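Down below are the structures I want you to see.
One chain, chain A, appears in both complexes that follow, with chain B as partner in the first and chain C in the second.
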Partner chain A sequence: MDIGPFEADNSVSCRLASQIPDVCRVEDCCLGIDEAGRGPVLGPMVYGICFCPLSKTNALKELKVADSKTLSEVERENLFQKLDEAKGYVGWALQILSPNTISTSMLQRTKYNLNALSHDTAIGLVQYALDSGVQLKEIFVDTVGPAEKYEQKLSQRFPGINVTVRPKADSLFPVVSAASICAKVCRDRIVKGWNFSEDLGEVDTDYGSGYPNDPKTKAWLLKYLDPVFGYSQFVRFSWSTAQTLMDSKAVAVHWDDDEEDGEKAAHRQNNKSMLSYFSASAGGNDENPAHQTHRFFTERRLRSLKTL
Partner chain B sequence: MSCNTSVTHVRVSSVSQAQGVPVHLMPCEIEHNGPAEVSQYFTATTKDHKHEKTVSFRGRGLKGQEIRCPEGYTGLVLKEISKPGSDQEDRTVKVSSVFDKLTYWNLETPPNSDDTVVLAMDWPKMAEAIHGPVED
Partner chain C sequence: MATKKKRTPNVHNDSWVVIAADSVIDPQTHGSDPAFVRLRNPSTDGASLYVLASGDAQLYEVKAFEEDLHSWFVGQTVQRDGKLLFVTPMDPLYLILPYLVKCGKEGKFQPVDQVVMDEEFPACSRLLRCTRSLASLHHIAEEKEVGSLKFHRYSEEKTMNWLKKKVERTVVALRNRNISVGEGVKSTTYVRVKSESDYCEEDYLRYGHGLISEYISEDLSKALLRHLQLPELTSPKETEPPSKRRKLSDKPVEAGDDYTKFNSPDFARKPPKKMTAAQKSLAKVDKTGMKTMSSFFSPKVKAEKK
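Moving on to the complex of A and B:
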């Protein structure tokens, strides 16, 4: 696995893939989908697919792939090595969603939530396998959300393929375990060697697991908080952990699509507060209607400056 | 809005010492007046391809482009030398830096010719047409 293409630009999403085994283009195949790094506030989320001919599922089982979460990092690396050695019949592909992709998607004007992003990423990977000529007959998916709806969505999207979505599928189906190992190994390597594109000098890489409840992660987030910019692109800004810290330790930033209300926000946005209509000067006589600014200026947000 | 009689003076002589600086016009309000690690965080992560720049700020995607000051004009960054004690006092500002172009940023929308700041640059020409001397 060469994570170089992602490291060349770790602000965007990136696909890594193995060679497609020839046998997968001629024999009926099964495919597993799993993800790594959904919860952490740091680093990318990696989606993985792994596929092999149905006739080889037993061979895959004998590699003793298991749910990546029950394995140590070394065990996962070893198992990935074994999968690599089985490349004659096992193929994989990964979609790396950079933390910046996650932040900017989730914080988009028209919000793109993590579930939708996950589903679209999984669909994209399956489509990639199909486009590469893999003869898909069965898909197994691990999920954290409601399985039924997701299963329906995938079945409709890929007619003629048998889709099984299950919680904990990574411990039930070897091909899903294999996908989870690929995804986890990839995320581990990326997080370990994160290349900060910000000019931060020597960065302390003792950021722990990246999970919000890890004390090391918390300490790191406190240490690397900038009052104006918040964080580097290694951090998921859309995570409440990051937002809470910025709310209390960084300067406030307001956007035109913020959903804030209350007296202060109204004042800031130059809106009239509801209360002002009840005050003595109701009707707003303070502005001379004869001096209404022409729309040439309002459209350009130009106004004459009377005071600094 | 209160109209007062105080006058604001610009110390023009400071222009010659002022340095040219990169200027960014952000699509948000940052409650901060003062130095910021712009080059470390912002410039270092800005991507530039085909006249469109991209960057993110506080996890939000921005798209921007460079725009030049109208011909014959110079952008000034002003700094008050000492804060006045009351709003009746005259104020003096100096030119702390100058710019002849700036980068303006839109939240997610690609920059286009209808953007407010692009349109605003029409004003000097328009002002010239309206207020300039009439030639026979």
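Moving on to the complex of A and C:
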């Protein structure tokens, strides 16, 4: 697995994929989907698919792929090695969602939540497999959000393919386990060698697990908080851990889609109170009520100044 | 997820982001840095900021672009105030005019340096040093020369002709710049198929008049409107629709509508209107087992107890 393409620009989403085994184009195949790094406040989230012919599922079982969470890092690396050696019948593809992609998706004007982002990434990978000519008949997925809804969404999106969404699918189906190993190995490698694009000097990489409840992670976040910019792109800004720290320790930044108190916002936007429409005639401007600036200037937000 | 954040008021800062004509910092006039001065705004009668540069030879007005929630990144610093200042050339005659009008009421010829005086804005006398000031006074005043001394008296007629020319030149500029002068708002990114050439001359004149009015007193603005032969627009307040409530009076009340026709023998109900396609398809719905609408309004029948 060469994570070079992602490291070239770790601010965007990136796809890595193996060669498509020839048998997968002629024989009916099954495909597993799993993700790594959903919860951490640091680093990317990696989505992985793994596929092989239905006739080879037993061969996959014999590789003793198991749920990646039950394995040590070395065991995972070894298993990934084995999967790579089985390239005659096993194929994989990964979609790396950089922390920056996650932040900007979740914090944009029209919010794009993590579940939707996850679903769309999974769909994108399945579509990639189909476009590459893999003869998909069955899909196994670990659940994200309510299982039934997800299953329905995927079945509708891919008619003719049997979709099974199941919690703990990564320990039930070998093909999902294989996908989870690919995703996890990839995420580990990326996090380990993260290339900070910001000029942070010598970065202390002792940030623990990256999960919000890890005291080491919290301490690291506190240490690398910039009062103006907040964090490096390694951090998911949309995580409440990061947001809370920025709210309390960094300079307040106001965006025009921030929620504000109704009355305050109304005042700021110069909205008139409903009541003012019922009073006799309320004078508008403070200084010279008769003078109204011409719309050429008001439309362009231009005004004269009294002082600098 | 957005939390409530307290907004602290903008604190004063000592730098600004300015767009200015090159002439403001003309390197040829040594030892005379451009200076911000406060002068009387002819339109509001209050203070406004102007710039005098090149040893007072040039006058500039200062306008600020200011929208909520903007900040600047300047080099390696952040400037909270997102204002953008524009320093643009301005005809000093606009600022001299109010002083002449004021003294013109006495009807006397006076030396102009005695006219342009203001306790509140002492800098106003510097306006007379501008290159264009003295040379163009004849646009707004009658001149008399006695020996080496010049005397001036405000002339409304001359001023109106001068202002009219200003409006006409503004109209030319508005046309060249394709500025939307009609009613309603136009987006600059939205390209209309229909050309906007159908703005009539009056729209342009009015808009130009409005722009020039930003630089003259309200009285002059009204006089200029008459001079341009534009009727004054009546404000919508005066043309409010009459009250719907019937005024009380002693006169006998007549029925507004004639309902007697319903009782006449030759009254026939109109045939039912043709149904729309949607109504037709609704009428075809199988209604067996459905309750009628009226059944929901009849008193409740208590369910039998088991």
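General observations
The rule is short, and it goes like this: the second predicted complex is superposed on the first by the 279 of 308 C-alpha atoms of A that agree within 3 Å, B and C clash if a C-alpha of one lies under 4 Å from a C-alpha of the other, contacts with A are read in each partner's own complex, and residues count from 1 in each chain.
In this text, a contact is a pair of C-beta atoms (placed from the backbone, for glycine too) under 8 Å apart; a residue touches a chain by one contact, two chains touch by 3 or more.
Computed from a predicted structure; not experimentally measured.
Using the contact criterion defined above for the overlaid structures, shared-chain residue A:L308 touches chain B and also reaches chain C.
Once chain A of one complex is fitted onto chain A of the other, the partner contacts of A:R295 are limited to chain C, with no touch recorded for chain B.
Touch criterion met: A:F237 reaches chain B, while chain C stays clear of it. In the superposition on chain A, contact is made by A:Q108 with chain B only, not with chain C.
In the superposition on chain A, A:S11 contacts chain B only, with no contact to chain C. When the two complexes are overlaid on their common chain A, residue A:V228 makes contact with chain B and with chain C alike.
In the overlay built on the shared chain, the residue A:N100 is in contact with chain B alone; chain C does not reach it.
Once chain A of one complex is fitted onto chain A of the other, the partner contacts of A:W255 extend to both chain B and chain C. On chain A, the patch touched by chain B and the patch touched by chain C overlap at residues 228, 238, 252, 254-257, 268, 296, 299-302, 306-308.
Those residues of chain C whose C-beta lies close enough to touch chain A in the complex are 1-8, 16, 36, 38, 41, 43-49, 61-69, 78, 85-86, 179, 185, 207, 210-211, 213-214, 218. Every residue of chain B that touches chain A in the complex is listed here, in rising order: 1, 3-4, 8, 27-32, 36-37, 39-42, 44-45, 47, 56-61, 78, 80, 91, 93, 107-108, 116-117, 119-120, 122-123, 126.
Residues of chain A that touch chain B in their complex: 11, 100, 103-104, 106-109, 197-200, 226-230, 232-233, 236-238, 242, 246, 251-257, 268, 286, 296, 299-302, 306-308. Against chain C, the residues of chain A that register as touching in their complex are 228, 238, 240, 243, 247, 252, 254-261, 268-269, 287-288, 290-291, 293-297, 299-308.
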